[in-house]
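Going in written order, the chains are labelled A, B, C and D, and every chain counts its residues from 1.
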Amino acid sequence: MNPFDNISPLDTRYYQKAVTKYLSEGSRIRYQLKVEAALARALARKKICSFKIAEEIARACEAVTPEEVYKEEKKINHDIRAVVNCIRNRIDHSSKPFVHLGATSYDIISTAEALRFKDFANSLLIPSLKEFLRTLIDLALREKNTIQIGRTHGRHAVPITFGFAMAEYVSRLGRRTQMIEEKANAIRGKFSGAVGAYNSMSLFFEDPEKFEVEILRELGLKPSTHSTQIVEPEFIVDLMHAVVSTFGVIANLADDLRHLQRSEINEVAEEFRGAQVGSSTMPHKRNPWHFENVKSFYKEFMPRMFTVYLDQISEHQRDLSNSASSRFNVEMLAGFLFAVDRLNRYVKSLIVDKRAMKRNLDSSKDMIIAEPLYLLLAAHGHNNAHEAVRRATLYAQKQGKPLKEVVLATPDFQQFFDKFTKEQMAIINDPEKYIGISARKTENVCEYWEKFFN
Amino acid sequence: MNPFDNISPLDTRYYQKAVTKYLSEGSRIRYQLKVEAALARALARKKICSFKIAEEIARACEAVTPEEVYKEEKKINHDIRAVVNCIRNRIDHSSKPFVHLGATSYDIISTAEALRFKDFANSLLIPSLKEFLRTLIDLALREKNTIQIGRTHGRHAVPITFGFAMAEYVSRLGRRTQMIEEKANAIRGKFSGAVGAYNSMSLFFEDPEKFEVEILRELGLKPSTHSTQIVEPEFIVDLMHAVVSTFGVIANLADDLRHLQRSEINEVAEEFRGAQVGSSTMPHKRNPWHFENVKSFYKEFMPRMFTVYLDQISEHQRDLSNSASSRFNVEMLAGFLFAVDRLNRYVKSLIVDKRAMKRNLDSSKDMIIAEPLYLLLAAHGHNNAHEAVRRATLYAQKQGKPLKEVVLATPDFQQFFDKFTKEQMAIINDPEKYIGISARKTENVCEYWEKFFN
Amino acid sequence: MNPFDNISPLDTRYYQKAVTKYLSEGSRIRYQLKVEAALARALARKKICSFKIAEEIARACEAVTPEEVYKEEKKINHDIRAVVNCIRNRIDHSSKPFVHLGATSYDIISTAEALRFKDFANSLLIPSLKEFLRTLIDLALREKNTIQIGRTHGRHAVPITFGFAMAEYVSRLGRRTQMIEEKANAIRGKFSGAVGAYNSMSLFFEDPEKFEVEILRELGLKPSTHSTQIVEPEFIVDLMHAVVSTFGVIANLADDLRHLQRSEINEVAEEFRGAQVGSSTMPHKRNPWHFENVKSFYKEFMPRMFTVYLDQISEHQRDLSNSASSRFNVEMLAGFLFAVDRLNRYVKSLIVDKRAMKRNLDSSKDMIIAEPLYLLLAAHGHNNAHEAVRRATLYAQKQGKPLKEVVLATPDFQQFFDKFTKEQMAIINDPEKYIGISARKTENVCEYWEKFFN
Amino acid sequence: MNPFDNISPLDTRYYQKAVTKYLSEGSRIRYQLKVEAALARALARKKICSFKIAEEIARACEAVTPEEVYKEEKKINHDIRAVVNCIRNRIDHSSKPFVHLGATSYDIISTAEALRFKDFANSLLIPSLKEFLRTLIDLALREKNTIQIGRTHGRHAVPITFGFAMAEYVSRLGRRTQMIEEKANAIRGKFSGAVGAYNSMSLFFEDPEKFEVEILRELGLKPSTHSTQIVEPEFIVDLMHAVVSTFGVIANLADDLRHLQRSEINEVAEEFRGAQVGSSTMPHKRNPWHFENVKSFYKEFMPRMFTVYLDQISEHQRDLSNSASSRFNVEMLAGFLFAVDRLNRYVKSLIVDKRAMKRNLDSSKDMIIAEPLYLLLAAHGHNNAHEAVRRATLYAQKQGKPLKEVVLATPDFQQFFDKFTKEQMAIINDPEKYIGISARKTENVCEYWEKFFN
């Protein structure tokens, strides 16, 4: 098959080899086969069949290929029955009855899904998130004292440090990663039959829930607290919420970083490689492509949460209107990992221009003192400080004079200035000191998450 | 590449060979090459280069492969510049300057996108929709006299015919198909340069808009009414709305048909093929799989409209946060076509059980007369007919007697019965006659859309 | 103001007096005043102002009305400054400077929001959810032995009990309620100033984070782990996810119950009150209105999660494009509570028709044995049991004979029947026994959640 | 009722008196009464009742109040039957039977909804949109020659004029307004009874479709092409799409204008009124509040389109799971109008700082020539112009020299410069001339839409 005949950008432009082990159609079938093998072994332990038969089945499960299964499905029009037939075709007649015995299709499908999502999270996604967190912590700590103007409404407010701005993402991403880890390891399997009441397993076992626990333990899973034909959907829904809300966090970071690359702001830049071309017509132009790309991935995948929510609803003991749609969950996971890895790579090599940060801060330096001035006047007893400072700024703007100069010359303020402490007066004289506890907070946040994940 | 290593179900389970010509990554590049060729020819007509050079470029455009372009992009990190370089590599030195001359990347990308979506719609999607409409018209006309109980709130209301129920979808799908046709043929291209003001083309042409018209005419497209780096997004947005709202219509039909297959209702059935397996544990079970599948496709793809809406917003003369996301539009189109074709196939072979329809109707037959009875009493002057009939039904239920019997024996009603016409009385006596103009309406709706598309 | 001039159905048709205390515009302002009072008291404890002044401010905070604040805002065009001015207007000149001292608007707004959402959850929402859980537990236990046919794809599968079907919702709703409780009590406040770096509070305190903890402790809240102008958005996002995913669970239940009221199924019914009118033209018609209504509320409010996700993104230290939108979060909370209460009321008075359940089960009774039969044949060594049973069912259908009769007469099966245990044979003879552990599972699930919330 | 007890921000903070006539709960009932009156008159024309009775009913319809209807509904639990009873209560016994005769609830509800949405659009929404278009046209024409740097990826690209940037929105908003007008006037009513087959009306009329046309004509509406209990949903869906996609356009404009107000860019400013307060702690700070607000409204209301799409699906001849949700459509309409009016007001008073635009352009002036230079070199035969210019810019940056200087001194380029026309050379010398047809295009777009709506 020619990969350029693929439709999904995930299978061409944004293809990642590593995820195929967990998220491809082939992996779906391979995990189902793993579950069938676990069932056979559990049946043997319960003496329903011999261990020899169980191992024969397990070996067959390893040998069956997705191609084979698809070929069989084409004939009989049932996906899991096709898996079963392929296993049966590879074993002795006398062993055949024990393949899939007592299971309903979704005992296999739901359990396999839980397993591969868990494996994907633990093997690829969480390591990537932790690596990205590492990148962010390093950046935040390195820049914890780099003064930058804080911005609200896109307008200059009061100063922070760039490290502090990055610590926001350490904190938010840390908590989200924790949630993904929690939810990925909480997803459940099931072996409770066609309608969840253990009808079939009850034919053989006094306590079919124990048997369910046993099969699932072999796979490292727990059973759903209640099930119908399928596991309670909320385990997956919560995992997907953890993913999509983390996507929101990284999209926010991508937005911040691409806006800081606006020509007029220019405080950071994406690394630009050797022969890279800036634009097809403007050869010099360097664009925040990769941050835009991460935002674009967010726009593509965030809305898919609504499919996940819609799939919560399944009539009675199950209708299959969530079957095809839930198959697409892998796209969201693959797209998310892609975005995390890309963002990590470009944050890691981010170019921070301290001089530009200083230049931008300086352009507002004079006005920054309005806030501490008003507060100190008020704290020292001026009973209309906010309004008084507002007027002083208007006057300064009109006169084209620095606010500091206007303020220091305002007779009404003198009596209050006398009460200012030395540190307080120092801030009025040098607004770059007005950064609160930016550096200390950055350190604390970074230290917390550093420890948390070690 | 092993297709089972693909992530998207669209590239494995739901793969459709036919759409690759328009929706695959390869097709994206091939259409871009078509646009580059059209540009070269237009330049020749304007005497910027010779016709010989233009044809040399056009031939190169036909020869370049997606593989080549991807290889080049890996080196230089720019997708369209890679296309350009691949063309340049296949032509003479003296021809090279005229490749892509005056164009910005998105002149090529936006125009190519418009073209392949239009081609996809006209070549595959609209024919499929018309074929499905044909199927529905045939079904509606065939069953125009098949009496079925009408249902509101899932409860028996008053009778219709099954053909009339299907005519709903003829009408809704007819209008939607008309809209898709209109919107697909209204999408536009552009050749207005990097920010839409024709900066580059103005270097060469007095009236660069004329030149734009000329290139696009060759491709069968019109220029966007205004453009920035990209075409006004609403052309694509409207097409996608047409698609997603049609998806709503077919999902509704799929829902209706799967509910009519509930065991207790059983009025229709999906065709079931030879060796098909009903369930992995209940061998006899026949499920409305394909109708569930269509609903599930709807759940997967409808939410993607929100990506399309989000992509309407692009800062200033363009930011690229809609670039990756818009690449996924092809998935929605492919998924929709898949659902239409599948639904068509299973509606075409739908098994309609008239006896079951009759049986279900009969179970409510007695109560159906409540509505015409109340109306006729009122029309003939009973001033509290609704309440009087309500009481009669409660009484009938309590007594376990047929409503008709109770009603005919109610002294208060006699004077009004005397005024009923023969036809009116006939309906009270046989509620199966109470189907309004079901058959006639079915014919009219079908005739309208049959003519419309011929 | 005439309530019929309101636009939102939440302020007319679906108006709930009780929620106004937490979710109305007036409550928004009253909670902001509470936060201003807490700030004043904390300032006094830190000796920035006297306790007398703090109490004067706190008294003013109790006296200020929303009307007043709106009037002031109209003059000065700033919502929180209007709150501040209204407090100032009610106190002595010398106390004025200490109102709002050191706080930025969003210290007040974010904290007030956290507080009222938490109060709403603890005072109204969680009690309602627990009451509903109680209703469901009672219903499940009462009907734990009521046999009902299990349904997959809307088709009869194998039997369960109605109590078991309800236990699904006990389990899912239990876990969701637990999550809402957890997330509602985890939301945070902040007092870290205009850009989150404690710039202003650092003017007065060595350790402004301690001061933040102190104010918030008075309100029963903790500070955000990191903040910009606003609290990290994920605390609210997680709460809203908990709400919207619970909405999915109750919508699923509503769907199940309305489908069970289809005329052909008729297993349950909504309570119908005295003078209630069924339909405007069909006086006898009883519809599952309230369950449809709950589903409709879900359709209205679930998509609003999209707004919550979009509001996660705020540029740099804050842009205000999430300000108006986040004001609408109250609608989602109000709508959800409405739906929970309504569903509770109609589930509590649900009419369960055991005879109808029996009748529906009986209609499929014969075919139910296909599953246990195939499984027992397989377990006892028949090496092609699934296919053999599939053929037997086709044969039975063709011959119009009961499956049981066909099966018992099949010579090939005899040798296996001999190996069946008495209990196994009993199930083949009476499929009503084939309900697995429906009753026991129901008990366990109910017991677990009963204990959990006591 | 205290308005501060309202939940929805639309009923407090964002309340608009004007819309209550069309979008309030009261208006819903008043429009239903209008439809009942039209029905009575049509019955009279068909001689089912006398004209005197019809007028008595029509007068009663004018007199009935929403309060009355709600009171009655509380008793009987049916909204339209309550309307009917209120009318009946005000008329003579002998007239009572003719109220609502032959109609089903949704004949009234669907028709009334269509009517008030149409009236709202024609009376308020479209006039507001046209006024806003007028504002944009005025702004675009006024600034058609104001040079501004074009921006892609947020980075300086090549120049345009600010008028041209605004013309984008004239064009997009023009087409959207046209679509809203088309779709609002295309919505339909219905009088086809409980399941759409004209069952009831067929009791009285040979051709009930004619009767339907007659009632609706009186209201200025056409009948749905097919109906079930309700009008085909796509008429409303298309109107809502027109609205929500227009919301995308105005959100995009709001985004552009708020980004142009970033401190570093500062090209435009929101009007700031007299006593207005900039920030609660930074008295001098002027924020793009209203543009942020419009964006926030978009985030609140765009996702509601999801509800509209979900409401397309209604089982069989209708289930009511779209009843409550469709009642909330009025919120989207009210929210959209609010945003349009607000944006109009602040665009109308927008402060444009031409000097800032010039300053920003100047900062990139030197690099701008890269594009025309490469193109002219290529057009004049340089066979590797893009790469040659790319290298020149890298060299210029390294050397800290102006690109123009570097380029003019490059020996390789001299032979090509000789071929440049005078106009071409002038652009290399003054990049401010490199604005393509910005002014002319602006004029044409404005002229087109000016004419279109006159």
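In the analysis below, a contact is a pair of C-beta atoms (placed from the backbone, for glycine too) under 8 Å apart; a residue touches a chain by one contact, two chains touch by 3 or more.
Every value quoted in this text rests on a predicted model; they were computed, and no experiment measured them.
The chains that touch chain C as well as chain D are A, B. Counting every residue number used by either copy at the chain A-chain B contact, over half are found in both chains.
When the CA atoms of chain A are superposed on those of chain D, the rotation angle is 180 degrees to the nearest 5.
Averaging C-alpha coordinates per chain places the centre of chain A 33 Å away from that of chain B. Centre-to-centre spacing of chain B and chain D amounts to 24 Å, using the average Cα coordinate of each chain.
Contact with two or more other chains is made by residues 81, 151-154, 157-158, 193-194, 200, 258-259, 277-282, 287, 289, 292, 302-303, 305-306, 319-320, 371, 375, 386 of chain C.
Across the complex, chain D is touched by residues 48, 81, 93-94, 96-98, 101-102, 150-154, 157-161, 164-165, 167-168, 170-172, 175-176, 179, 192-204, 208-209, 225-226, 228-229, 232-234, 237-238, 241, 244-245, 248-249, 251-252, 255-256, 259, 302-303, 305-306, 309, 312-320, 371-372, 375-386, 424, 427, 434-438, 441, 445, 448 of chain B.
If you check the complex, the residues on chain B that touch chain C are 149, 151-158, 258-259, 261-265, 277-289, 292, 306, 360, 363-364, 367, 370-371, 374-375, 386-387, 389-390, 393-394, 397, 403. On the chain D side of its complex with chain C, the touching residues are 1-15, 17, 19-20, 23-26, 29, 66-67, 75-78, 80-81, 84, 100, 103-105, 193-194, 200, 258, 273, 275-282, 287, 289, 292-293, 295-297, 299-300, 302-307, 310-311, 319-325, 327-328, 330-331, 334.
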